[in-house]
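In the two assemblies presented below, chain A is common to both, partnered first by chain B and then by chain C.
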Partner chain A sequence: MSEIRIEGLNKSIKGAVILKDINMTLTSGKIYGFKGKNGSGKTMLMRAISGLILPDSGFVIINGRELHKDITFPQSMGILIENPSFLPQYTGLKNLKLLADLTDNISIKDIRIALERVGLDPDDKRTYRKYSLGMKQKLGIANAIMGEPDIIILDEPINALDEESAHNIKKVLLEIRDRDKLIIIACHDKEELEFLSDIIYEIKDGSIIDRKDIADEDA
Partner chain B sequence: MKTLKLLRRDLRLGLINRSYMYVLAVIFSFVSTYQCSAAMCGTKELNFMWSEGTVMDYYLFAMKGMNYYRFDPSDSFQIPLLWFIFQIGISYIIAYYAEKDLSDNGINVMTAGRSRSSWWLSKMLWCILSVLFYYIIAIISCIVFALMHGADLSLGVTDEFLMIIFGYNMTYISYSDLIVVAVLLPVLITISICLVQLLVSFILSPVTSFAITCGLYVLSTYYTAWFLPGSYTMWIRSSYYHEQGLNPLSGLLIACFLVIAVYLLGRGYFESKDII
Partner chain C sequence: MYLIQAWIGTDYQFAYNEMFYILLPVLACLPYGGSLYTDIKTGYDKNICIKGSRLHYAISKGIATFLSAFFSVAIPLGLNLFIAAGLFSNYSPERLEWMNIGIVDRNMFTTIFISNPAVYCLVYILIDGLFAGAIALTSLSLSKVVKSHFTAVVTPMVLYVLFAMFMEGNDFGNWSVLGMLNPRQYVVTKSWQMITAFLVILFINVFIIWVTSRKRDVL
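This part shows the complex of A and B:
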């Protein structure tokens, strides 16, 4: 059971307000969608939750432990923010293996399963530099979901994917959610976001302007 | 443990995969031993030297740098090119990897490693090991080339040769002091300069940081001063050999101070840096 609690989060970069008084509580077993125009603050909020940027004020508390005080990064997290970036000279499997080696709990079997789930062949001998845009995106998602971390953060996960691949990724994300994981996604496509998310936060100019509970609406 | 895992990755990507760059150290040794051999031939022709020299003679010749320089209109300033290329060679090798790794893979690596300070410590250790590797390659290849030129496999010095070449009488200097000023101090000072360069490459940019390092080495040849630590990498500028030379102890203290300062400043910098 994971819980992310954000209280009074503010962040400015070079004088520009990026996040303004963000308050929210996210719990496991749900997919949270972040909606908003380009530059609204969706990605920055994801970065703040993942520990990549430091708040000017306010807190991000993950399972009772405050980010940048008790922990530097969430202890069990997979992340894909903006364009995936890997080492061009290695295969997808090798790239994920190098990253998994930095953790304590992801086996080669977990990596192979993650690659297969996103529709990549773990034994593909092509190096990352020869991957298509869609394959790169899939590898980024595989990196985020390998070992099924408690928190998964995905920025525009179905960008650059064909219809069949996008459908598969959505299915995988729903399966993972049902195993009591907390997933946060940002997506431009309103229909896709509403299909995937349980709760949608709309962000404008760094502030949350709306919270929509999709499950309640469906009921 | 986290640092070791990160270091293993850095050594693989930043050292082993880029090991071809260390051929520069071999070229340096090849050229310097060739020059040393030519100098020895000249000395022998003048009947000032009767042996083939030792590998230590070749090493000292390679790492000599430039004599203490004092401005004199009749004595034009010339950068010791071979020494300069050797020093900036390692600065170039370490210039880009770490910053590129942060900009390309920083999000994945930091979140997987889950520690900013471990990430920084790993980069520092990678830098230190890269400099050590560079020196080891240079020293080993210097020994090999020296042996090929007929030198004795001895760490002793040929006093008459060094007297002719440098004008220094080495007989009154202990062997341990020679090792400190000619081996230990240059390695430690190069490590500390490279670590400062590494930190500056994140704060400014790799190109700016490399340019600053090149400037530091040029100034270090012109002025002999403790605040231009490049001078310490030239053993002939030691106070053992020149009355206005640099005290080796101050060099060791400066190197230790820089290593500790870079660690603390870098740690503070990365603990508060936004990874964007």
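This part shows the complex of A and C:
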């Protein structure tokens, strides 16, 4: 059971307010959708949750431990924020293996499973630089889900994917959620976001302006 | 012709010696000095910072940069010495020859130079390799402020050349880092000055890398 608690989070970069008094609690077994226009603060909030940016004030508490105080990075998290980035001279499998080696709990079998789930061939000998845009995106998602971390953050995960691949990724995310994982996604497509999410937060100018419980609405 | 005349480190007849020592910082930074800049620019650092502490990442980068710089300077010097040793004898040079090279009684390692010139060359290969490692860290410490990979690799050379010009032009030539690396010892440096210079470069770079890595936003 994972829980992310955000209390009074504020962040400014070069004088511009990026995040303004964010308060929310996210729990496992749900997909949370972040909705908002470009530059509204969705990606920055994702960065703050994953510990990539340091808040000016406020806290991000993951499973009772405060980020940047009790822990320097989240203990079990996979992310795809903005464009996927890997070493161009290596294959997808090798790239994921290098990153998995940073932790002790992801085996080569986990990596192969993650690649297959997103529709990539683990034995593909092509290097990352020869991947198409869609393949790069799939590798980014595979990186985020390999070893099934407790928290998965995906920024525009189905961008650049064809219809079949997008459908497959959505299916994979719902399966992972059902295994009691916490997933956060940002997506421009309102329909896709509502299809995937249990709860949607709308963000505008760095503040949360609305919270919509999709499960309640469906009922 | 003696070995000591043929080796690039002590060659005084052609411009190769000067060229090599001016370009030494570039040679040192070329293999790995710009890698942190590339990681930041492409977003690859996000993959690392989500799975480990920023400080460990910076330490790993620092060690890899130091070692690659050491070998990228020591290997060409060593190879050149190896080839020169296959063609020329390791005779002790005449006193006149010392002066042509630039070595006088008050220089460092003069006893070794007279008794076994090849060992003298090896001592300087070690010194140059160590300084190359420390100089390459300058490239890492500049990674957050430079605007291109090229600048990250070339800026240390510009800084060290300007520093050498300033020191040598103001009667502080014995503190010129580029001067003290040259086995011809055209600047008369004491060993304590050499050790101090090495430690200062190392300390400044490690401090900047430590401060900027510990508390920085990964965007």
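Going forward, the second predicted complex is superposed on the first by the 219 of 219 C-alpha atoms of A that agree within 3 Å, B and C clash if a C-alpha of one lies under 4 Å from a C-alpha of the other, contacts with A are read in each partner's own complex, and residues count from 1 in each chain.
Here is the rule we go by: contacts are C-beta pairs under 8 Å (C-beta built on N, C-alpha and C of every residue); 3 or more make two chains touch, one makes a residue touch a chain.
Everything quoted here is computed from the prediction, not taken from an experiment.
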{"item": "Chain C versus chain B on the shared chain A, clash or fit after superposition", "value": "clash"}
{"item": "Touching partner for A:A16 - first (chain B), second (chain C), both, neither", "value": "neither"}
{"item": "Partner chain in contact with A:M1 - chain B first, chain C second, else both or neither", "value": "neither"}
{"item": "Which superposed partner A:G51 touches (first chain B, second chain C, both, neither)", "value": "both"}
{"item": "Which superposed partner A:N83 touches (first chain B, second chain C, both, neither)", "value": "second"}
{"item": "Partner chain(s) touched by A:N143 [first = chain B, second = chain C, both, neither]", "value": "both"}
{"item": "Which superposed partner A:L102 touches (first chain B, second chain C, both, neither)", "value": "both"}
{"item": "Footprint overlap on chain A, comparing chain B with chain C", "value": "13, 47, 50-54, 72-73, 77, 79, 81, 85-87, 99, 102-103, 143"}
{"item": "Chain A - residues contacting chain B, complex", "value": "13, 47, 50-54, 71-73, 75, 77, 79, 81, 85-87, 89, 98-103, 143"}
{"item": "Complex interface listing, chain B residues touching chain A", "value": "2, 5-6, 8-9, 12-13, 17, 104-105, 107-117, 272, 274-276"}
{"item": "Chain A partner contacts - residues on chain C that touch it in the complex", "value": "42-44, 46-55, 215-219"}
{"item": "Contact set on chain A toward chain C in their complex", "value": "13, 47, 50-54, 72-74, 77-79, 81-83, 85-87, 99, 102-103, 143"}
